[in-house]
Amino acid sequence: MTFQGMDIVSIRDLSREQIEQVLERSERMIPYARGEKSSKALDGKILATLFFEPSTRTRMSFESAMMRLGGRITDLGVPSMSSISKGESLADTIRMVEVYSDIIVIRHPREGAARLAARFSSKPVINAGDGAGQHPTQTLLDLFTIRRIKKDFSKLNVVMVGDLKYGRTVHSLAEALSSFGADLTFVAPTALQMPKETVKQVEKAGGKPKLTNHLEETIADADVLYVTRIQKERFPDLAEYQKVAGMYRVDKKLLREAKSDLIVMHPLPRVDEIDPEVDDTPHAKYFEQAFNGVPVRMALLNLVLGGEL
Amino acid sequence: MTFQGMDIVSIRDLSREQIEQVLERSERMIPYARGEKSSKALDGKILATLFFEPSTRTRMSFESAMMRLGGRITDLGVPSMSSISKGESLADTIRMVEVYSDIIVIRHPREGAARLAARFSSKPVINAGDGAGQHPTQTLLDLFTIRRIKKDFSKLNVVMVGDLKYGRTVHSLAEALSSFGADLTFVAPTALQMPKETVKQVEKAGGKPKLTNHLEETIADADVLYVTRIQKERFPDLAEYQKVAGMYRVDKKLLREAKSDLIVMHPLPRVDEIDPEVDDTPHAKYFEQAFNGVPVRMALLNLVLGGEL
Amino acid sequence: MTFQGMDIVSIRDLSREQIEQVLERSERMIPYARGEKSSKALDGKILATLFFEPSTRTRMSFESAMMRLGGRITDLGVPSMSSISKGESLADTIRMVEVYSDIIVIRHPREGAARLAARFSSKPVINAGDGAGQHPTQTLLDLFTIRRIKKDFSKLNVVMVGDLKYGRTVHSLAEALSSFGADLTFVAPTALQMPKETVKQVEKAGGKPKLTNHLEETIADADVLYVTRIQKERFPDLAEYQKVAGMYRVDKKLLREAKSDLIVMHPLPRVDEIDPEVDDTPHAKYFEQAFNGVPVRMALLNLVLGGEL
């Protein structure tokens, strides 16, 4: 059950005990992540960041996590400006980067790229999202955010809304939440509903997810409302996108029906899915959720690199 | 009069006493800025840099300042490669970045953007230039450069030449110099003269600025010649630009009439405004001025973050 | 024979004794480059990286080297996003960057750019490749790689294959190897053979290089096979490129004739010149060669900046 040297490609790479261990360790990281305490746990260590598609939030969050632990960062840079533009294979890029670093974080538009990277690298690889595939640190920070506020997952009523088909983050989060005992409701236009495979996984984990097109009817019973952006870039067909964009919008009017302790989450960036008027309500937890990326990634970096904190 | 946690959006945010305090603190930073002494005053602190338009000099100068104090940097990256391209609002970008850092430096093409950022951020924000608006650290380093060499602002004859209309740096510098007792002369083509509002502010501060089109006639009496580039990118109309480009050019011939201790300044980058033959004369102070950006920004970062140096 | 403050623009700037000194120092850096030991030898020092053309490997290798010694990095950024796009001269860019740093690494598409930079900078400049010109740290890491494995250069049979005309790295390596007593064979299509000037230099150093178009006939006697990519971007004429691309390809079949201790090197990135099936053979040393860039650059940074390690 040791983490040292481990690749984190999918949330399924982690046992339930390991997930618990990350969440507990993350809690301990909070004052360091806030800059209230300072650590040199990863002094002398180098993190290589490889973002084959832009993800400012994830990149800055990993950078901040590494720096809060005293470590350094080297970045591959924009792919069109790098050796990739000279025709280098991903395997060769990885074998180059691993000699300059102690751990690699990779984001890639192609599903399976992170697994490939892990196979070619002798240094640990953390998947920061690969296409429609996995994004395990997002799942961990989502779990951490919910548990910090709600204490327990069991019997928690979690409503997921938006693009549940292409929205990468909801798939592994749904599976994990279900295995931890939460009840799930999936709200999406029919064309963007949760993939059958994920529904099956949720059921296998013991859940009985409800599927619907209507957000309003789910609000009153929700403990957690997890909103996702309907991302234009995930749609092969623009016409399909335009039909569903803006179908759900969380605003104060909608939240009037909600429990007073409902929390609203979003992996960000948002566009129109959550009205800025919600930001000042006690429901809004998406900025706290973004912050939680730092202690969770600190915990992971620390565990994988064997830092003492 | 404490700086800790303060936003630095405009030079007007600082009292005269605070400006003096920054200039004195900057002096103390010189050996650290040169790398002759080493400091860990901001060890563990993270500076986030947000450059929505390129400004290599300002960015590298802030980076160097932060690193000379032992701090770290995380950069938002090129906007077209970041979450902004996904339609995120500036407010959301700021609320994202603040959770990853202890202080934010922002450069933005739109006037008022830095003030907006400061409103949404709970971490201190330093304006590194917002469109035609303010650029307070440039003003401070200009003041520092003049005072280091001339000791006193009072009765100093300062000639400003070039684009005084769109040239952001000269507006707040003129106001500040006037309030410190300097005499001002504004040299520009009529279409690019100092805005009436700035002239009024200068007069309000007790100055009686002279306005002229002719550089030659101002040289003999000048103690400081502050040259600015006529920037194509600030002109709404290209034809207007072409009429005035290259109208003033500082070369050895012009400087023959000058006092032996005249100093020539320029915020850089220059194109044709100052002939490279001037670089080797004792008048040329623009590279020293560029260096002074480091101790001045060190002083500010240190004061705002409460570093002990 | 002191290195401190020295510019490293060409391998010819270094005496034979200095090259030996770098190679010996590099050996000592290995455990630090691997992250097994940690050093603060360059704590407080700032390296400025200026890549006017992309070179991911060289940039990351310098970054890693600087960080492994406890130093910091500030990067000029993409030229189109920097003050260069405002029309700044290279001389002014250098004079800007030197005030923000303690040492400058420059890569530039124009031959002679690094020498120009060194002339304008009061801080040491290391050339990381200038057009068809020099790339001295590549030469040093190639020499280091060969000596680590082969112990002695004398009577070593080195075959260089690929683009020997535009391939910058082979010119200075050939000269250096020849002066150290190695025997050289140059394999290239006639249009891309080693320039006469380099052949003359090699002969002047005491060598009698063989020139041929046929790779197969050179394999059996080779101790080192140095492969280079035929780079499209170096060709003024696309038609000329297409005639020679893919002419030589190193695969297991070719290597069947080779000595068991033949080593295959490549400055990387590779495209088709070396079949990936070679990667798992004991001949493949190109990834080790890439890693060696770190200790060699650590040694140089350390020597030039006077670090104690």
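A, B and C are the chain letters, set down in written order, and residue numbers restart from 1 in every chain.
By definition in this document, a contact is a pair of C-beta atoms (placed from the backbone, for glycine too) under 8 Å apart; a residue touches a chain by one contact, two chains touch by 3 or more.
The shown structure was predicted, so the numbers you read here are calculated from the model rather than taken from an experiment.
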Mapping chain-to-chain touches, which pattern fits: line, ring, star, complete or other? complete
For the homomeric pair chain B and chain C, should the interface be classed as same or different, according to whether the shared residue numbers exceed half of all numbers used? different
Taking the mean of the C-alpha atoms as each chain's centre, how many Å separate chain B from chain C? 40
Hey, what residues on chain C touch two or more of the other chains? 78
Using the touch definition up top, name the residues of chain C that touch chain A in the complex. 35, 38-39, 54-57, 59-61, 63-64, 67-68, 70, 78, 229, 231, 268-271, 276, 287, 290-291, 294
Residues on chain B engaged by chain A in the complex (per definition of touch): 43-46, 48, 72, 74, 76-78, 81-89, 91-92, 95-97, 99-102
